[in-house]
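Two complexes follow with chain A in common, the first pairing it with chain B and the second with chain C.
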Partner chain A sequence: MSAANVGIVIVSHSPDVAKGTAEMVRQMVGDEVPLAWCGGDPAGGLGTSVEAILAAIDRAWSEAGVAILVDLGGAETNSEMAVEMQPPERAGRIVVCNAPIVEGAVIAATEASGGAALEIVKRTAEELSPA
Partner chain B sequence: MLDVDGRRALIETVARAVIDHADELTQLDQAIGDGDHGINMKRGLEAVLADLDGLAQKPMPEALKGIGMTLVMKVGGASGPLYGTLAMTLGKELPEPADRAALAKALAAAIEAVKARGKSDVGQKTMLDVLAPVAAALADGGDPARAAAEAAEATVPMRAVRGRASFLGDRSIGHMDPGARSSALIVAAAAAALSPEARS
Partner chain C sequence: MSGFDAEASVVLTHAVGLHARPSVKLTKLAKTFAAKLELAAGPAGPWIDAKSIVKVMAAKAPQGTVLSFRATGADAAAAVAALVALVERDFDEGEGTAEAAGTAHAANP
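So, the complex of A and B:
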């Protein structure tokens, strides 16, 4: 794994969706990108948890930055909260992508594995979203 | 200015008001959301109550920041960051001691922060539709609890454009917004705990 590549974090309401998406990324892209996933609320039900997102960002942290892929509303809100809670030295190096979670994660990781900068990774994933 | 007992009573009254209505909030959320609002809020506020002694020892602005952080970490769902942002911004903006005008001003700032967090605005069938009339009532001498109850009721005919309820489109019409209801519960409980009678 190259520490120079952008890391990918997958945040779903469902641990199964998050884990399955991560498995697809690993199989299709390989081990060249730092990758972490989280899903489920703090009690283990469907939902998202800021605490779990913070931990996933730490696991996928790369000096090149981290791109987060989310599914529905609360996943985005909680991810944005987690981004704002980062220490100042990480400011501006974590982004939440407005992209479909599965396709976005695979395409973002593909881009990241080639050493693309965070902005490029984000833009490529977001090209999948309807305008 | 609230002393330790006053702060303890305020925090406990507000938390219990929401926890006691968790089933109702969940039912409202099952109608137009994902059905987890009651259980999420209950989990977050039970975590607040677990630290009630510690929170009551702090000046109100610090206590609010602590409550906000607990809600962010423990609630889950979108309501964690939204209510967490509300509490943390109130804590940041409130002077100590705070009079009614200062509270109105701090709430107005907190509402702006919630709008930014939720990328939402008044009129979209959310908690903002309760909080904004409450801030107005605080500023112009009205009754905040009454304004909150009426405003929550007024979300029934609204059409949701934010959150999960927005997927329902017109089918979101005819149900009270669960976030509006929880906000009204919080405002009513806070008003009761801060009333002169409760504190005499």
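So, the complex of A and C:
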């Protein structure tokens, strides 16, 4: 079943935040959703790296697509860069959600675990953020 | 005639109420049924989509709330029965488990 479920990628400046968020998803939602996280810059400090995001997308890849949850600034721009660098066959199947990272990841994974399409997963996570 | 294929109410006995983890469990279970499923945290409603994790979490129903379910569709009766049973089982979170102790379900399957 999980092959058909949307995957979730968590991108934070802090590896601890990213890992902790992923743990919340696993404990609260379960294992039906492909999940990967990354955080921190290659030197060990706070930050995000396009390479790490690309690897996380590969780990969480699903034919149903991947929803990325980010925290601040560079996490979003680097995630968008990673999306643009994807091979053409993945075009349109990876989205960055405009939602709070922890709550958004749990909500997106809950929706994905029921087999919802990528667009619905994204929209549901974004329902958390009042326009 | 109520216009619904199945209806039931149950007292929410879970100590923390319909907080994050129970909401996720309830929503995930609701999604396994085809029926249109709604719940209300009071007799006057409002009725919310039981398959919407955002709406269920936002209901913030505390312990002691009478949760009402109603459903329409071929598997409505089974859906309402399953959701009521989940609430009656305290969402499979007994006292003294990881939820209460704050420890991690390290081996959560």
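Brief remarks on what is shown
Please note the rule applied: the second predicted complex is superposed on the first by the 130 of 131 C-alpha atoms of A that agree within 3 Å, B and C clash if a C-alpha of one lies under 4 Å from a C-alpha of the other, contacts with A are read in each partner's own complex, and residues count from 1 in each chain.
What we mean here is this: a contact is a pair of C-beta atoms (placed from the backbone, for glycine too) under 8 Å apart; a residue touches a chain by one contact, two chains touch by 3 or more.
Please read all numbers here as calculations on a predicted model, not as lab measurements.
Superposition of the two structures on chain A leaves chain B and chain C fitting side by side, clash-free.
Shared-chain residue A:S62: touches no atom of chain B or chain C. Applying the stated contact rule after C-alpha superposition, one finds that A:T77 touches chain B and leaves chain C untouched. Of the two partner chains placed around the shared chain by superposition, chain B is the only one that A:S49 touches, whereas chain C remains out of contact. Angle at the C-alpha centre of chain A formed with the centres of chain B and chain C, after superposition on chain A: 150°, rounded to the nearest 10. Residue contacts after overlaying the shared chain place A:T21 against neither chain B nor chain C. Look at A:S12: by the touch rule set out above, it reaches neither chain B nor chain C.
For the pair chain B and chain C, the minimum alpha-carbon spacing after aligning on chain A is 27 Å. Residue ranges on chain A touching chain B, taken from their complex, read 41-43, 45-51, 72-74, 77-78, 80-81, 85.
Considering their complex, residues 34, 36, 39-40, 43, 72-82, 84-85, 117-118, 162-164 of chain B touch chain A. Chain contact summary for the complex, chain A toward chain C: residues 23, 26-31, 106-107, 110-111, 113-115, 124, 127-128. Contacts from chain C toward chain A in the complex involve residues 20-21, 24, 27-28, 31-32, 51-54, 57, 98, 104-105, 108-109.
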